[in-house]
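Look for chain A in each of the two complexes below; its partner is chain B in the first and chain C in the second.
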Partner chain A sequence: MSYPQPLSTTPILQGQTFWRLFTPLAGPGDIYESVVSGLGFAMGPNSDLSEVLVTYLDADQPTGVNSSIISPTRNFVGRVDARNDTTYPSSKRLGRILFSPNEIFDPLYTPQGFTGGDVKQLITPIIDVIQYFTSAPSVVPQRSDREFQFQYFEAPAPAASTFLLIPAYGRKSGFFSFVNQDNTNNVTVTINGVQLSPSGSPGVIGAYEQSLFTAVILNSAGSANFVFNSSNNTADKGGIWDYFCIEFGNYAGNAMPTSITLSDAE
Partner chain B sequence: MAGKTPSKLPPAVADYRGSKTGQPLGVLGDRSIATAPAPAPTQGDLRSNYYTYLTKTPVSGQQSTEVLYNGDRAWVKLTLTLETAGPVAVGQQSAITPVLSGKGILLETGTPMVFTIGKGTRLYIAATALNRVKVAIEPLPWLEQIAATLNSLVSSLAALLPSGSTP
Partner chain C sequence: MAGSLTDAAYLSFDKCAVLQTAATLSTHFAAFIAAVQPVFSDAVDKDRPVGNWLVPMYALSQQNDQFSLDFFGDCVQFLYRICYAGATQFNLGNITSGQATALLAAWNAHIGP
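After this line comes the complex of A and B, so read on.
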């Protein structure tokens, strides 16, 4: 999380009509707050998370609290008040609007097959939520495509692997491209889908990994492309995943141009 | 005294009364002519005023009611437009909280609401969070004159009535 968290009052002081909560997650228990009311809530275009929980005071509920999940296919239109004049009955905290991930994020996740000498690089997911102060659009377009470009990765111990973890929450298709520019070393590329578990830190306890493609060995100057589709259940595996885990086996720290594009469209 | 013209006050003289710097504060009028000061509203009372009001965020769960307009000196037409989500309540009584209680009326986002504020009354505002409110204050001096005339008329009529009866 960027600290301090983005202030919801700043856009009001500046006369903007929306507030954007745009920050990398810090941990699985992140909760962000808005101290101002909104007329609509939607996922931002650059969100890695696909589901965010909006929690607010609701006197109609036995607990006094209600929540709604917003996603790239479903926003939430209607006035939700930030009640700084009262408190949540359970926690006695001010009745502000709360945002929290509705998906599991585990920064300590250790990929399957991870051994001593391996290294792990995790791309921290970004939460992007837009709170409207004026009438919100009833239809919100899907998220923007997410593109990752890499040239080098952190090198593991000799003959060990580098694991790259990229957020895949709710993404329905993807294109993976790899080029091995190591003149002497063959690199084995494996792509797995990861379903995280709330009790899986550290290690793979409760989490689930599945190979999506047959591993390929990239010779010197060799390249490979993979196309992922969530609804594909024939030769390769589809599915909706929390993370894509890409293992570069026998990677020696040389240039490995990698391009990954993830999309909400199938 | 024959052949002498009667003494006459100069038509205008510098006015040093109350001056602390030795410089004249103004010019006195022709003191040879009897005049009476005409009642005139101050410029500040007749000037329109447009600004953005930011509602206060209640601190530590407390309600906060503020005076948005104090109509001590003139009638005004007050137009309020809520730019944000609210909820913002306004009313002429100070007890308009809790904001959602209905003791005041809620402003609607993007919809101007016009209030006629009489002389000697106030408009209060309260919110549960920070909000932007566009405020346009336009004085209505003619309304004040009409009100004074009506008041005078009523008084005159009341004076014509037999004592003990009510108009």
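After this line comes the complex of A and C, so read on.
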């Protein structure tokens, strides 16, 4: 549960040496706080987000505020105090340590080609941050692979599409497999990369979507696999994306076993 | 003018672009922060998921490079996020309709008139 947020004081009372902020985002405007000083900050193993902004009180700065971005490739080792005894200048807020996503999340994003009878199913990203109370490791391993397993999706209107949106922030490779167990309908599978944007009305305005693979038509019992690699620049198939958008064209609500694994490794 | 906080979130880019062109973005951004400041108390737990955004927003408003592309981009993102935070926390029942209305009114008065 995003809010009320997990208490940073609980691990202290339990004798733990770290606090873990691990929750699905409630929305793009989430901001979380710690009232406990830390000796290091790192992305947790199960984070969908790949960049989190850590904001803290720093008297050396003219504004009294400093910030650092942590990511799967860069943690932040060093003592940062939660200053519950003083306030951030002018904003008059106690000097807690703040955590917020540094990447765009848009729950109202409408995929390219989405029409009236279509259905959108979006996986909300998880934020996973670890604050250490003892000396933090200087080297932090990459995130765990993220695996998605689906059997059924919400059915759209006849001959329309179901769009599945899964978080891809910072992921460098992926394996997608699909099996169509519909005895009568052919299903067309398309995979696009999505770069989200805070601009425009809810929809594709400002956002960018690009096809990553040639669409495949799966007839009854047909299956297909796709391998994504961020560094593949052949015909613009690579890239770092915020979301993968998978369109199941002509999906009729029957079993469609789908397995997706995303990794930080190339 | 935005009719809702989510509308305001998405309109922030366009409205900030107008203000940036007129070289008044920093003034309007600071006025927005000042208007929102008393709406969300730091002493109230349920106010902080919105009010905490004022910390980095205030720091941004004090920067010297107020006509840079970076400043513009950060203004847009913070406005997007605080408006969305207001909408989300209102939907969760953590802030009152009066607070949500005041946040939207501040945005309409200073960012998106």
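Following the convention adopted for this analysis, the second predicted complex is superposed on the first by the 260 of 266 C-alpha atoms of A that agree within 3 Å, B and C clash if a C-alpha of one lies under 4 Å from a C-alpha of the other, contacts with A are read in each partner's own complex, and residues count from 1 in each chain.
Following the convention adopted for this analysis, a contact is a pair of C-beta atoms (placed from the backbone, for glycine too) under 8 Å apart; a residue touches a chain by one contact, two chains touch by 3 or more.
Remember, predicted model here, so these are calculated numbers, not experimental data.
Once the two complexes are overlaid through chain A, chain B and chain C fit side by side, free of any clash as defined at the top of the document. When both complexes are overlaid on chain A, the residue A:R83 reaches chain B alone and has no touch with chain C. When the two complexes are overlaid on their common chain A, residue A:R20 makes contact with neither chain B nor chain C.
Of the two partners chain B and chain C, it is C that touches the larger number of chain A residues. When both complexes are overlaid on chain A, the residue A:S67 reaches chain C alone and has no touch with chain B. When the shared chain is aligned, chain B comes close enough to touch A:F133, but chain C does not.
Computed from Cα centres after superposition, the angle at chain A between chain B and chain C reads 80 degrees (steps of 10).
Of the two partner chains, chain B is the only one touched by A:V35; chain C is not.
Of the two partner chains placed by superposition, chain B and chain C are both touched by A:L94. Here's the short version: in the overlay, chain B gets within 7 Å of chain C at its closest Cα pair. When the two complexes are superposed on chain A, the residues of chain A that touch both chain B and chain C are 87, 94.
In the complex of the two chains, the chain A residues touching chain B come out as 9, 12-13, 15, 17, 35-39, 79, 81-87, 94, 132-135. Those residues of chain B that touch chain A in the complex are listed here as 52, 54, 57-58, 61-63, 83-87, 97-100, 109-110, 128-132. Interface residues of chain C facing chain A in the complex, by the touch rule stated above, are 6-7, 9-14, 33, 37, 42, 45-46, 48-59, 62-63, 76-77, 80-89, 92, 94. Listing the residues of chain A that touch chain C in their complex gives 3-5, 26-33, 53, 55, 61-65, 67, 87-94, 96, 98, 100, 104, 108, 197-202, 206.
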